[in-house]
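Note that the chains are named A, B, C, D and E in the order they appear, and that numbering of residues resets to 1 at the start of each chain.
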């Protein structure tokens, strides 16, 4: 339900890849703070920045990359300096049973293999491109998806033989019949994606916002994030 | 192309059986709402009767064993509304039937032009139905029905809305083209019934009340409606002592036209309005029937004046009407000689 | 009386629509179905969706009926261009529509200063959800109703006027009753489109539980964390839609046949 | 003859639609406009969009006209339910529609094995784009046309049958010409919806330049890296739509007035 | 409620000016497509003429200074199609006018029921227009127009499609309610013109060709159409030596009805069909006009037979017709005494 009169609402804008972890952290925060209702809004980092720029009421913003965070700070909408709280690296996702027999990054360049990646415009796509370049592999994907979710959907449905997504996404998708199998590859380490978090300028609840940030950055946050597959900052 | 038709449409209160011989034209008469259009709809297959059968020349069109769809019946229906296709020119409207029969565009248009000529509407060929007058639309609709070259032709008041200048010409045309066709024609005009039809069927309240050769039905009507359409006076009642004891109390002596009816039998007395004389007081002299009535209306009738008193009428010369100083409300006596009154069983 | 062969392509068309629905239904984890679709968040989203769609449909009727009347019953220079412009939300990808709304009602938008002065914040509120839904749904109602109005013609309206009915009376007692089937199906379309609206809403209104997170947005969220639940909720959306569309009277107008 | 007051809400409705368009136009960097919209990628996406939308519109007409005929001109038990089901793609968020298509025509979908046997691979192909567009657009055509068919009534069809026209002839020479305005506006709606289709396409067909990346997908990509270009391209989409809608004949049917 | 109307509608070829005095009923006659419905549409304001003016009782309804919309004119139009509102019951259709005048639902329904009774359709009150017959719809439409209590009433063929049983009754009703109203009535029936109208205006091809009191126009027609509708023979030509030199070559002697026309002036010769005798050979004896003609048609006419020969007609007894052995195609001579021929300027 909506916020009552005697509850305080803390609105957190977070990148879509943080959905599961932040929902958990939000509940923890509510449990610790009586009468506080944590409202979570997930979306692409770029969308969220635009919304905050256009006047959306947010207290905390957690981005999936530093570029979008810079966009926000550049507009003077961040109160204080952003702090990194997690990292993420790429992994190869294949349908259960790995029908195409993918073992490493090199295999993704095999002709006849249906590979899907994120579009270079979105963070996971940029990362994929960087990894491939660093490894000297030329990828020719059959589709450049708009989001990680779309890549995963193609892989879980067996439509694609392999996809390049973040490690956390592989874990989130699970490994059941409708899940994916993750294949780690050494070249992934060359491109590490960093997640920064910040309180938003003009927040009605600056103290609560800071406390939430601290929760994410603290031990609880680290544990939850690590469980989901995020690396330490 | 004999037509046998039984139509039972209970929700319209219609239950009618009619037969039309090959090449015969039957006029369907009757008051508004009698069921005339309903009968045509059943014949055309646009209405499926709850109970009924339509057999055209031995082929069952509507019946228990099946239902032939309208387009496969070769039955053309000219409905009471012209319903010209709004998106086609007048010419293409008329050519629609021939085209549907599989004739080429050119041939169809030629025959359409011919039929438009027949109804005196050839100059409208290029117009759109939205841009012609009501009577013009009616004429085009007639041409369209005729051009479809049907085995059975159903015409619902084809002459309504036509002006006096075209009506006789169109009647001529119909007379010519209907001559060797099987036709059912709905009309409210006695002239149409007499000139175009071989036989007249009168419907009232969804039932056939009269059926016979046109001239006979119209000169010897047995139903009030037929008498009315034929312009005759009719008194229905029981036959008693050589007179008709009318349901409204009057007694009228007359000549039994057929083998004398039995006493107490239901009969009608029929006489022409021109056989009626009008007096202020009941006259003496030769045996006459005298009916005391109140004038309800005077209207011109050719050179004469028709004096109406309820459902009875008398035709007088203008001079006599003026001398009698007639006007609605005046009480007068209608007198008619017994020899002018025909009595027969209903 | 339609030709027999028509049934073949019609069946193909029905298959094109129904097969994917069957495909979706085949993936539902029926065991957990009830639990999945009756969670608090799910019910909150469903109720928000129904309420906002209802309001936006009312808004569409209030604004769309006059628009359809103006388009169908008047003539003025530039009418063709106006019609095209009014239909634009149909063609605009909803996300772009959301951006356009943000550029208009957002803080830095066209009307941002004016709205600020009035102390109104439209974007990111439930109002924004309704606005976004109305923006994308309005053309449906207008197009559907304009077609009905044109087909119905003006003959009965003219008769009514000669009987002394003022334009407002004609509208109320003749025009609207005559095109009621078209109006109802237009409203159903608008409601359905509002119910399914996603792109413009997430862009313009954001996605906050209870305030702006409608069912489609909720499904989008679920897709990331719980694909099974997402499919189950989609099925709920489908069922709600079937019920709504099914409730609309589809009784054919009595045409009276030939006379 | 419409009441004067009708213009007020009509103007409000027009404003609701036009203001966001103005808002968008106000953000266009007009200096670079031509460069932005004539880039190779932009033109490729535009041409792909136009071609696929055209094909899907044709598909919608071929399948939708028979469907509308069956719904409007026949009666059978369960027709109401069928109608609701057929309209479902309207209410389904496009992304969900895309998932449903994936579950059906995908490699491991309902028809996956059958399609494999036929050697057809739908996924990641332009065919998938057309399928997705047709799936979401079909109901528009069906609804719009069914309304027109019902409004037009069957009187003229009955007359044509009594003149000896077979059902097919009646369909070709009477029914279709009479509902042409409705059919055209339905096709325009379908084309417009196809042109703006995003969610189902990205989910079902993916996004690859020249094969599956239609204009809305291209715009979506641009939005992240180059918002100016995204807005500019959206405006191009708008203009294309205006031209397409404007080209459709909107000539009102001659009603003929009173007799 | 005087009506002055000028209607110039070039694309329909109509250019007409008529005046109707307060309380007067004017019958508008003319062939199909003459422009009758167009004139009514201009009066009702449903058609805005290119050039024209409508002034009702001093109030300019259509003109250069402005245009009063139809609903504010208090002009009711009964169009040629009944156009009953399909979504309202018959009763509510008739109550529509009173409701629009601001009367309450109850009062409106009561007056609607009264008017339905007047046209003998009270029993249809609860039906839907889709479920009644063509003639019934026509009667309901008449009731609806009358119930609107207009200052000016425009009736377009109100009696078409009515059966012989209702037509006289409805004519009575109209006669009563039209008596003190300003009415323009389009009809193809001479009886309607005579009984219901004070004055007759004849249109042909979009122009007024005749205008005058009903009895006068119908007994002394100056236009071929008026002669036809009045059932009179007419020969138009030039006045030469006491005879009309017909445009088709014949010469007919007759009595100049008015101050003698000047030689060479255009005149018409008019005579009744019953004044015509028919012979096989031109007769000798008293000075008669003899016209050699070919019989085109025979039709019953009351007790007699009407012999048509082109646009001329003769009425004979059935007996004479039989004796003469008449049939279409037979060449005969129509003879008419000069004293029976009226000649006057056109």
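Following the convention adopted for this analysis, a residue touches a chain if its C-beta (ideal position, glycine included) is under 8 Å from a C-beta of that chain, and two chains touch if they have at least 3 such contacts.
Fair warning: this is a prediction, and the values are worked out from it, not measured in the lab.
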Taking a step as a move to a touching chain, how many steps at least join subunit A to subunit C?
1
Output for shared partners of subunit B and subunit C reads D, E
Taking all residue numbers used at the subunit C/subunit D interface, answer same if over half belong to both copies and different if under half do.
same
Which chain has its C-alpha centroid farthest away from the centroid of subunit E?
A
Leading chain pair when contacts are tallied as C-beta pairs:
C-D
Farthest chain relative to subunit B (centres taken as mean CA coordinates):
A
Taking each chain's mean CA coordinate, subunit A and subunit E are separated, in whole Å, by 87
Could you give the separation in Å between the centres of subunit C and subunit D, each centre being the mean of its C-alpha atoms?
15
What whole-Å value do you get for the distance between subunit B and subunit D if each is reduced to the mean of its CA atoms?
55
Could you check subunit E for residues that touch two or more other chains and list them?
37, 46, 69-71, 77, 79-81, 83, 133-134, 156
Quick one: which residues in subunit A touch 2 or more of the other chains?
153
Would you please write down the residue numbers of subunit D that are in contact with two or more other chains?
1, 99, 102-103, 109, 155, 158-159, 161, 166-167, 170, 220, 223, 253, 255-259
So in the complex, which bits of subunit C are touching subunit D?
1-10, 12-14, 16-24, 26-27, 62-67, 69-70, 72-74, 80-97, 99-105, 109-111, 131, 134-135, 138-139, 142-144, 146-148, 150-155, 157-159, 161, 166-168, 170-171, 179, 181-182, 185, 188-189, 192-193, 195-199, 216, 219-220, 223, 230-231, 234, 237-238, 240-242, 244-246, 250, 252-253, 255-258
What residues on subunit C touch subunit A, complex-wise?
27, 44, 99, 102, 106-109, 112, 121, 123-124, 202-203, 206-211, 213, 221, 223-225, 227-228
Under the stated contact criterion, what part of subunit A meets subunit D in this complex?
44, 46, 114, 116, 119, 121-122, 141-146, 150, 153-154, 157-160
Can you list the subunit E residues touching subunit B in their complex?
30-34, 36-37, 80-81, 132-136, 138-139, 156-157, 160-168, 172, 188, 190-191, 194-195, 225, 228-229, 231, 272, 274, 296-297, 299-303, 308
So, in the complex, the side of subunit C touching subunit E is made of residues 155-156, 158-167, 169-170, 173-174, 177-178, 180, 253-257, 259
